[in-house]
Structures are given as C-alpha cells and as structure tokens.
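First chain A sits with chain B, and in the next complex the same chain sits with chain C.
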Partner chain A sequence: MTKAMSKHTSTQPVSVRPVLSLHVAASLGLLVTVLAVGCGPTPAASFRTNMVMAAKQRLTTDQERQVATIVEAMFGTPDEPVALPETGLDEAKLLLAAGPVRSDIVGRKNGLYREHCVHCHGITGDGLGPTAAFLNPYPRDYRPGVFKFKSTERADKPTHADLKRILHNGIVGTSMPSFALLGDAQVDALVEYVKYLSMRGETEIKLMQAYFELDDDAQGKLPETREFLVDEVLAGVAEKWKSAADAAIPVPEMPADIDLAASIAKGKELFHGDKANCVKCHGVTALGDGQANDYDDWNKAIVDFGREIAGSREQAAKTSTAEMSPDELAEHKATLAWLEKSRQVLDGDSLRPRTIPPRNLRQAVYRGGRRPLDLYYRIHAGIHGAPMPAAKGTIPPEEIWHIVNYIRSLPYEFDGELGADRSMVASGR
Partner chain B sequence: MSIRSIHWPHAVACLLVAVTAVLLCFGALVTTFDAAMAVPDWPATYGHNMFLFPLSEWLHGPWDLFLEHGHRLLGAAAGMVALVLAAATFLQERRRIVRWLVVAAVALVIVQGLLGGARVLLDDRTIAKVHACTGPLFFAVAVAIATLTASGSKPSRRSDGEPAVRAGDANVLPAASACLVAASYIQLVAGAQLRHLDASLDPQTFRQIVVVHLVGAAVVAVLSAVSAAAAWRRPGPAQRGWATVVFLLIACQVLLGGAAWVANWGVPAVAQGTMLDAIAPTGPVVARSLQGSVVVTLHVVLGMAILAASVVLAIRAGAAPFALEAAKPQRAGAVA
Partner chain C sequence: MRLAASSVAFVAVASVGCGKPRVATPGPDRQASTAIRDKLVTASTGGGEAAAVVSTGSGWGALKGRFVFVGAVPADRPLVVDKDTEVCTKGGKKLLDRSLRVDPSTKGLADVVVFARKTSRVKDASPPSEPVVFDQKECEFLSQVLAARVGRPIAVKNSDPIGHNTNIAGTAFNQIIEVGKTVSYVPTGEMGMPQSVTCNIHPWMKAYMIFRKDGYVAVSGGDGSFTIPDLPAGETIEFQAWHPRSMAANQVLGLDVPSVKWNAKGRFQVKIDPDGTMDLGTIEVPAALLGG
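So, the complex of A and B:
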C-alpha cells in the first residue's frame, strides 16, 4: 500500500490540500457561479422553539428568548450538540448522528439523523419534518418524551433496546421504515440522538412551565443558576431515562402445558367482557370498528388548545370595551394579542389533528411488534400517549396471556364468525 | 466508410449523450444514497489529484465513495468530450444553431462542474438543487446536438415527397412537442426540490411542491397524449415512433412516481384505504433497500429519458427554433 493510500484509510481526519492554483481558480469560478444563480448558502440548521407550548403558557417574547438561550447552552445546536454529564448521553454517538451529512474519513458517515430521520421528524424532533403532513399517523414528536412501544410501564421511558428494536424493525402499518440495513453502531447513534432530542424537548417544556410557578421577586425571569437549571430541571428529566433500564415489566412465562384452545376461549371471554372491555374500541368483530373518534395525546393537545382559543375568541368578541377601566382595557388588548398569536402558532406550528382509529386485530398488523411478548406488553401497560388503557391491576398476568392467545388467533378465525359474537356481548350485559 | 466520411460532430455528440446518460445515472444514485459529501474536498479526492485516486480504493471502497468519485470522473469525461465536440463542430459544421448549442453545452458543463464543486466545498443543499437542475439541461442540449447533426434528421414541415399535412394539424405536433420539452424539464426541476429536501422546510411548502409535481405530471401526460395523437394523424410515419415512445415512457413514469413515494414513505395518507393501499407491500419500508433505491433512482433517470426523447421529437417535428435551420448536416467544406 502506498503512503498516499494509507493516509486516507487511517482513522485520523484527512488533511485536504488541493493544488493551490486549482483551488483558487475553482473558488473564483464558484463565486461567479453562485452569484450568477442568485442563491446564497443554505442557512445553518437551528432548533425551533416549542411555540405551541410557549403560547399555552402565555410566555412573552423575552421569556421565549430566555428559554431558547438556556436550552441552547444546555444542549447546543443541531450541528454541535452538547451532552452535559447529567444527561448520561454519549457525546461521541451524538456527534455521529448530528450535523450535516458528510464523511471526513473514508467509510465513516456523520449526520445520520439528517440523512435518515429529518424528512419526517424534523430538525428539532417535533414531528414537523417536510413530509409530515402526508403521513398517517403523523411522525412522532419526541419533545414530550412519550413513546408508545416499549417493555416498560406506561409512564416510564423506553429502554435503549426498545428504541433500537423500533429502528431495526420499523413500525409496520406506518411510514416508519426499518433500518435493518444500517450497522449496529449507526442505529445506536440514532437512538442516542433521539433520546437527546427528547431530553432537550422535555427540558424546554419544563422551563416554559416553570414561569407559572415564579414568585413576584423573579420579575418574570427564570433563575439562571446551576442548581435550578441542571440539578433540578435537567436532572429530573434525565433521571427517568436513566432508570428506564431497570424498569422492564416482569413477564410471567406462559405455561408450557397450556391448552391453547381453552386459553383462546378464555381470552375471547375476557376480550368481550366488562373487565378488559376490549370491544369498546376494537369492536365486537375486532375489526377496529368500536369507538373511533378519540385522539392520541399529541393531537389531543392541539385539539384542546384550538378549542380553548376558539372559545376565548368568541368570548372576547362579545365583550364590550365601553365601560372598561384603562387597566382592564390593556388586559383585554393583551388577551386579544395572545389569541391572535396563538391562532397563528396553531396554523404554522401544528398539523391538522387526526383521530386515532383502534387497530383492526384481524389483519395481523401489530405496530408495536408481532411477538407474543410485544402483545403482552401492550395489554399490560397500554399504549402511552394513545387511548389504549393498561390492564395492569385489572387483569392478572396469566389472564393477559389468554387475551394474547385470542388476539393472535383472530386473523385465522373463520370469516363466518365475524359478528357472531354480537349476541354473546348483548346477552352478557 | 473512410475516416474522412465520418460526420464527427454527430459521432462525438452521440458519445457525449452516452457519457452524460451514465453520468446522470451516477448523479441520481449519489442523491438516492445521500453520497454527495462522501468526499469532503474538491477538485481533489481525499487529497489526491482526482484522476490519480487509487483505483482499488475507488472500486473496493465504500459504496458512497464509489458513487461520488465515479460521478466526478464521469463529469470530467463529459467535459472533455464536450470540448472535443466543440472542436469537431467548428471544423465540420456551419449551422449557427448547432454551433450555439455546442457553445451552450461547453458553458453548461463548466458551470455544472463548478456547481458540483460548490455543493461540496460549501456543503450547501441549495446548490445541490441547482446542480440537479443544470444536469438535465446539459443532457437535453447534448441530445439536441446529436439529433440535429444526424443525417436523417429532417423537420417534417420541410420534408419533400410526403403527403401534405392538413392545415389545422400542421402546427399541433411542433407546438405540443415543444411544450412537452419545457414541461418535462420543469418536472425535473420540481422533482429536484423533492429529492434535495431542506431539513428546515415546513410541511406546507413541501405539500405545495408535491402539488406542483403532480399537476406537472398531469400536464406532461396530456401533452404527450396530444403529441402522440397529432403524430398518428399525420399522413406519414415520420414522428409516430418517437411520439409513441414518449407517451409510453410517461405512462411508466407515472407508475414509477407512485412506487417511488411508497418506497420512500409508504402509502400516503390521502391514498390509505384505496387500491394503492391494497397493492402496497404490507411490511414496513426498508430504508436503503435495493428495491427502494432502484425504484427511486429509476424515476429520476426515466424523467431525464423523457426529456431527451421529447427533445428528439420536437426537433424532428420541426418545432421552432430548429425548423428555421436547414435539416441535413452542412459541412464546413461544402458550404464554403
């Protein structure tokens, strides 16, 4: 191997020194070309402020700016992320996933998030990437730190392995692709970056909510002390992620000598019964034709805020300002300005809310995974952020296995049995 | 055939079309695999003179390095062939339109190379979009030169011995085919905006670009149908072949467009519950899969093929400004 070849196969960044004259000529040509086509360079990527939350909390522009400054100091920028030790995040992995797509060393590609995820999830991880409006369900907004498919209890964070499994398998029935063809280190880096975006988003939300608890002495500004920002806010967010590894749901083994037919029959009874009450949403036929007008938490937040704004606007329109004192008038005008800003925020920073239909269980399409264990987790803990409730505390673990067995039998049930259970439900109530 | 009897401008133009076609395929693959920054320097490749980069490193190195470096080498090759074409044209061709097209080709290939360099040195996606728009333009010019310098290239309105075209139909094919060239190119420009997505683009703007691309597809489809109908209404078989080829290519392109979307992002929300939902794969999309990458890249390459075929059709149909020039090649010696 020549000296030149060994230079770029090493693990050190390559020193790039093109011939000077070529470089100068090329640069001049570039300048002329860029000016000729009339376009400047693309602006550096930046995180977007969570404007919906800012509007909900009625933050002033100065307060929005303070939050943005604090969050940038704690988490850096999309091109230069920062991982404080308190987060427990691996900065080397973050650097592999962050920034623009480029290789500085042969065979090592940085900017994995922007290559694979940003089109749907957006730079900020707010689920507002360019393609988002065309996808159903919408891409996940990481900022609330809520994830659906995991091996932990409903309110807990997913483990690293949970997120890795989602990336590896994709989510069938949605636009979330499988990244099974990526290397293990690359998937690891992406998972780390998703956790980073989530922690960043949660911290931002907590800071915005903290204004509500400020006393008068604070003069509307958050204390910029390490005790408050890192030890209180950030540590609280990070701790939940760190403890996720130890929060796996204990799953009892399915009895090896289980009578499958009897288990399915028992599961069917539970499915239709009052205790599990699966039919409420999944329908008597299990076609997902029960109650179908509910929203997931992300959409529900937008719907509720939209209703609040609409109601307040209606009320403000009816309010007479004729007999208001100057103070009342100023407050009224401030409310109108907030309502208008909120309306603009909802138009520009959110997507049209969509209901979440219950799953059709006869299609054998299980978004959270098709293993019996995955179905057990879904039934035991429910689906965080979705209307699917947890059976924990209501149904004993061994009975959850009966429901799992029944659900797994549904795609193979004879067509003629569809709807045959209506009478059973009717007579049972 | 002696070497003196070869019409070199046409021969070299055909070579340029062939090299450019492969170059564009590599370019499309570079975008599909987001490999544009696989080599961080330019015009050198990892510190080497581009032409002296070790062959084994290129052929046996990472896939994205293979694509990007190959794209650069092919770009350089296209530039050199364009210069040879310029020399051959100014020696053997007298038609002003051909000479101007060759000048345009040389200018475009230089600008395109510089844009490629700018995209790398500035790491700028806006320039990548412009680069993606200039490539097909250069290809169209190369195809136009090859068509005009071909001995059989005859605008139909100037052909002798063919039955007369009905007055009402005379201008339909030239006009429709000229519009088809413009519409096909605009489609490629809109497609480039979708392929080279700005990470900061908001969903509303993306939706507008998609709508433009879909409306453009409908316009191109209608124009190709009108062109094919006009060609088949003409008495002679002159342009029927090319008009039919364009129409069939566009039919394939519409199907590939839908497949490219599904391969990237699954079934779109508006098509869920429709037939597309029923025929789409039931498993999750696999990022960077061979099938998905081939479908998406083919969609781009076929778009360029449609542009090229439209250019040939327009020239052969006598669309302005090509109809203004004499059809058969005029050699410098013969005219002088």
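So, the complex of A and C:
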C-alpha cells in the first residue's frame, strides 16, 4: 500500500502539486483554526444585554455600557451571582444552580441551570438558547417578569410553589419537560435561579426605561446611588416577588352536592353566551379556532417594534436631505444608524414572531395543569402575557365552576354535532 | 477551484458555525461595577432622595394651548375586520385607524397628551370620585386617548350587543366586559407614558390610557385645544407632550417652540402666574413628525 502510494505520488507533475497543496494546506489550516478557535476556547459566561429594549429606548453605547455595569454590580455574573438582601433571594441556592456544571466536594451536582435549562432558556434567561428557534411555543423569556401559570392574580408574580410545580410536572403540550427526577433541593435551587434571572431582567428593563425619564441636567447618565438603584428600582421589582404568597386567588370550593349534568349544561350556556364569551376565541366548537391573529405580549413586543422600525424607515426614505441644516443632517444620520442597528438587533436577538392560538379544549391538554383548580385560576384571572382575559368581577365563582365543569366534559363529549358546528364557525367569521 | 471550495467552507463555518450573528454589546466596566456594588451593600446614608420640586410660589393657574396639524393629512388607514361583522361593519360601515384625528376645517390635532412631569403641590388632595366613562361601540373605542388621575374610577363600558374584553397594557386589567355592562377599574399606579388599550377578541381595536398621580394631564380635543387647570403657580413646571402617531422614541412630540424651551424629548417648561392662564397659543405640529 505504502509502495503503491509512493509510486502514485512520484508520478504526479511536480511543478503543480506543491503550489496546490500549499493553498489547500493554508485554507485547511484556516478552517481548522476557525473550528478550533471560532467557537472557543469558551470565554467566561456573560449575561447578554437586552438589546431589543436598548434599541427600542434608543440608548447610546455609553448608556448600554452603564446599564451592563450597574446590572453586574447588582446581580453579578452567570458564574458568580450576587443577591442583594433586598431581593430576598437565597444566595446559597443560587450558587447551586449557577456556574458551569461541576460537582462540589461532597459530590453534589452544581451548575444545574446550565445542565438542564440553558439550551432553551439561554444563559440570560431570555428564552434565546440555541434550541429556542426550533421549539413551538418558544421557551419563556423571564426578563419581563411575566409568568402565565400560577395561583395568584393576573398581574402578580407566581409563588415559589407555583414555579416548583411547573418544574416538577413540566408543561404538557410544550417542550418543557418534567424535572421530577431531580431532588427537591435541586428543583428549589432552580426556581430560585429563575426568580433571580427574572429580577435581573426586569431591573435591566427598568433601568433602560429610566433614561428617558431623566431630567436634562443628568446628561443622559443614570444616578449610581443606592437610593435610586436599590430603593427606587430594585425594591419595586423584588417586592412583587415577596408579596406573591399573599396574592393567592381565593377559590370557594365547588359545592360537594353539585348536580354535575346541570352544572355542565350551565357551563355550556356561559361558554357560548355573551357574558363569558369564551366562544369568541376558543370557537363554537371549542377547538381553539375562533381567533387566529393575535399575539402574546412577548411576541407582540417584537411585532410592535418591527412596525415602529418599518414606519421610521418609510419616513426616512421620503425625507429629503437637500435642505437640511447640519444639525438636522446629523439627526437624520443618527436615525439611519439607529434603523440599521435595530434591524440587526431584531435579526440576532429575537425569534420570528408567532401568533398565539387559543387552546383547543377538546384535547384534555391544559398547559397550566389539569386539576379543576388550575382551570379555575385560568378563568378567574385570565393568563398574564396572553390575550386570555379575566372573568373575575363579571362571572361569580359558582359560575366559574360551571365553566370548569363544562370544559372538563368537552374532551369526552360525543362529537357528532361538531360537523354542524364547524360550518357555523365558517359562517360566523 | 479547490481553493474556492475551501474558502466557501471557511466562510460557511465562520458565518454559521457559531449561530446567528448578533450585535456586539458593550460589556460591563468591571472596576466601576465593583465600586457601585460596594455602595449598594453598605447601609443607606439617606438624604440622597430624588430632588423634589421646591415650592416657590402660591396660588393656582392654568395652562392652555391648541395643537394644529401642518401639512397634508394622510388618508385614514382601513382596518381589517374579520369577525362579528354584523355588528362591527354594520350597514357596510368601514372601520378606520383613528389614531390621527385632524379637524378638516381648523386643522386642530386631537389626542395630544400633555402632562406635568413633577409639581410641588396639588390643589385637590384626593381624586374625583365620579367615574370617567370608557365606552366601546360597533367595535371601536369611543375615546381614542383617555387621561385620568390615579384613584379615579374608570367605568369600562360595553355598548355593543357582542362581548368584548379590555386589556390595559402595563396594568393588571384585562377583563371580559359583558354586553351592555360596565366594569369599574380604579388605577393604582402612575404611568410614565400612555399605554395601549386593546380588545383581544377584536385585535384591530386600539386606544390609549394614561394615569397620573397629580391629575395634571390633558388630552387635546377635536379642535386641538387643551387646558390643565389648577396648576401650582410660581414654579417652573416641566410638561411632557405625546401623540399616538409620533415617530419618535416613546411617541413623544418634540416641537420647535423656543419660548418654552420645547425639546426633542417632547418636554417644555412654563411658569404660571397665580390666578393666571398661560396660553401657549397655536402650536404647530409638522406632518412629518406623525409619519404624514
């Protein structure tokens, strides 16, 4: 073999080969360099600035740096998280969840977030992990501090137990798996870390929005005082998490002697009636086909920003620079630079917006949990971040129970009349 | 050829290998962040509270003015109505985007919000208790922009024969509003800027609301005029102007009115005489600012 090869080599025209192989070697070398260096050696993990919000608020590079600096002062880094006492967070739990995956001296697994969560939810908790784009629905972006499935009122935070339940059960109908195989202490640590990322993200958003509120004499710089950063910004964010346990939705028990058939019939009437109006989105058939063109808050924010950029671009295109003063010209150029940066930011820092379909109620798949109590919470408070409105105030508790009973009967309902109802959907829209 | 092929491979790896290209972000300044953290973990020294406006006068006065639109008024954009058409587009009615309302004869610009950023004093200690009505009919909100004082009840009404829901961004409120019924909402927090109000059942419906603690907020009417009464006299008050169609960041209305130092952030400053009325006169809003 060796002989044959050497023979073969020796027959090659000597004048061409060395040149070619030099080229090939050089470019292969480059390729190898890129493969080896391009994606590593891994730099210390760092949080990514909320670039969509920064672009939306039209922050300067200096302002972006100031926010990154302040947020790091308040929350530390992915490897070394910091929890100021005002957050009410348990730093010991955070340390178990943060940092690279490793075992500590007693063999306990550390770095749980990066082991279990980061590939979808991202190191920053922005829902932009490497797998995020392939999932439907997209993973939750914790930064706005909005959570859907909880036992508290619409605008309140979930309780610690609510988040633990989600980690324990997963979210059926989505890519969120159950982490029931992890020990209680580990789930506990992860929940604490999710709260940490959420507080961090919300604080960052509030800081970015605060630039606009500055007086002119602040010269575009946020005050780096404890009074502003902790008492004004952080305390407001943390307080909502601390008070979550007190914001539980009061649920009167379903009457024990309830006539189920009658309750389902009443629920059906409410579902299709003008008062509860479930039918408008979930459809006459309850297949979730009544509404197809609305977004949840996360996607809507991207859609709205995209529209803002499109409008500004249209405006810039029809603006003539011929008669502009130097000041106006500079401003025009700044707008164009902002437009270009915003385009790049939307491209790299957001996922393509998707509409949110109302739940198909005939599948017995309920993301927030299938207990009657879970359905009660969803109807009473609506779903924060989603279009689902609250029935509270309009529908009394016993009627909410009727709707719950009707919804729970839907997957088992004889669907012979569905065909007829389907044509009603078509004519009703 | 081989060189070209391997160059392509190189480019492909360089551009795809590490995921989508993302805008570079300025990293934190480590030294500065450590210094800030030291300040944050030490006990509060007090006294560093945000500078409150110092009261420098007595009595009360008003601010008024009238916004006019300068330029060609763009045609109203039609909205896509794909649901409940028997009510929403009754008798072939077309629903239009009403976010730019200009009076055809006087060119008065409606729906400009003007509010005081900070004041030292407030004339009425408590907000009015009678509710302000926010109604919807034929799948349109009847108020394009509603301003109210924090604590004043908002009567969210549904005058349609079909159900709606009213979703006020930035608040806890997103509730179903039964046919012919009214749901009361008492705003508890102040808004820095007007927030959108939508109906998720009919996503084309859009309006805005703003709640301010001191109640010093007005929305220009159909003729473009606005008045904010009972402002504290004798102190320099900074106001903020906003319009739903503004192309600027946060939809602020940056105008060129040197007499009151109107700036690009849509803010201007006035000092009001006791029992006087500061009249800004006619304030011109160029079409280009509103995407016209």
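One rule holds for everything that comes next: the second predicted complex is superposed on the first by the 376 of 429 C-alpha atoms of A that agree within 3 Å, B and C clash if a C-alpha of one lies under 4 Å from a C-alpha of the other, contacts with A are read in each partner's own complex, and residues count from 1 in each chain.
Operating definition for what follows: a contact is a pair of C-beta atoms (placed from the backbone, for glycine too) under 8 Å apart; a residue touches a chain by one contact, two chains touch by 3 or more.
Given the structure is predicted, the values throughout are model-derived calculations rather than measurements.
In the superposed model, A:118 makes contact with chain B only, not with chain C. By the touch criterion defined above, A:232 lies against chain C but remains apart from chain B after alignment on the C-alpha atoms of chain A. By the touch criterion defined above, A:254 reaches neither chain B nor chain C. In the superposition on chain A, A:130 contacts both chain B and chain C. Of the two partner chains placed around the shared chain by superposition, chain C is the only one that A:277 touches, whereas chain B remains out of contact.
In the superposition on chain A, A:163 contacts neither chain B nor chain C. Within the superposed three-chain model, A:51 lies in touch with chain C and out of touch with chain B [touch as defined at top]. With both structures placed on the common chain, the touch criterion links A:61 to chain C but leaves chain B unconnected.
Applying the stated contact rule after C-alpha superposition, one finds that A:209 touches chain C and leaves chain B untouched. According to the touch criterion, the shared surface of chain A, contacted by chain B in one complex and chain C in the other, consists of residues 23, 27, 30, 34, 39, 46, 130, 348.
Remark: chain A residues 2, 4-5, 7-9, 14-19, 22-23, 26-27, 29-30, 32-34, 36-37, 39-43, 45-46, 100-104, 106-107, 109, 111, 114-116, 118-120, 122-123, 128-136, 169-172, 174-182, 348, 351, 365 touch chain B in the complex.
Within the complex formed with chain A, the residues of chain B that make contact are 34, 36-44, 46-49, 54, 56-57, 61-62, 64-65, 110-111, 114-115, 117-118, 121-127, 130, 197-207, 210, 265-266, 268-270, 272, 282-289.
Looking at the complex, you find that chain A touches chain C at residues 20, 23-24, 27-28, 30-31, 34-35, 38-39, 46, 48-49, 51, 54, 56-58, 61-62, 64-65, 68-74, 82, 84, 130, 153-156, 209, 212-213, 215-216, 224-232, 274-277, 280-281, 291, 293-294, 311-312, 314-315, 319, 341, 344-345, 347-349, 382, 387-395, 429.
Of all the residues in chain C, the ones that touch chain A in their complex are 2-3, 6-7, 9-10, 13-14, 17-23, 25-30, 32-37, 39-42, 44-45, 48-50, 82-84, 161-163, 165-167, 171-172, 174-179, 181, 183, 192, 200-201, 203, 238, 247, 249-250, 263, 265, 267, 288, 291.
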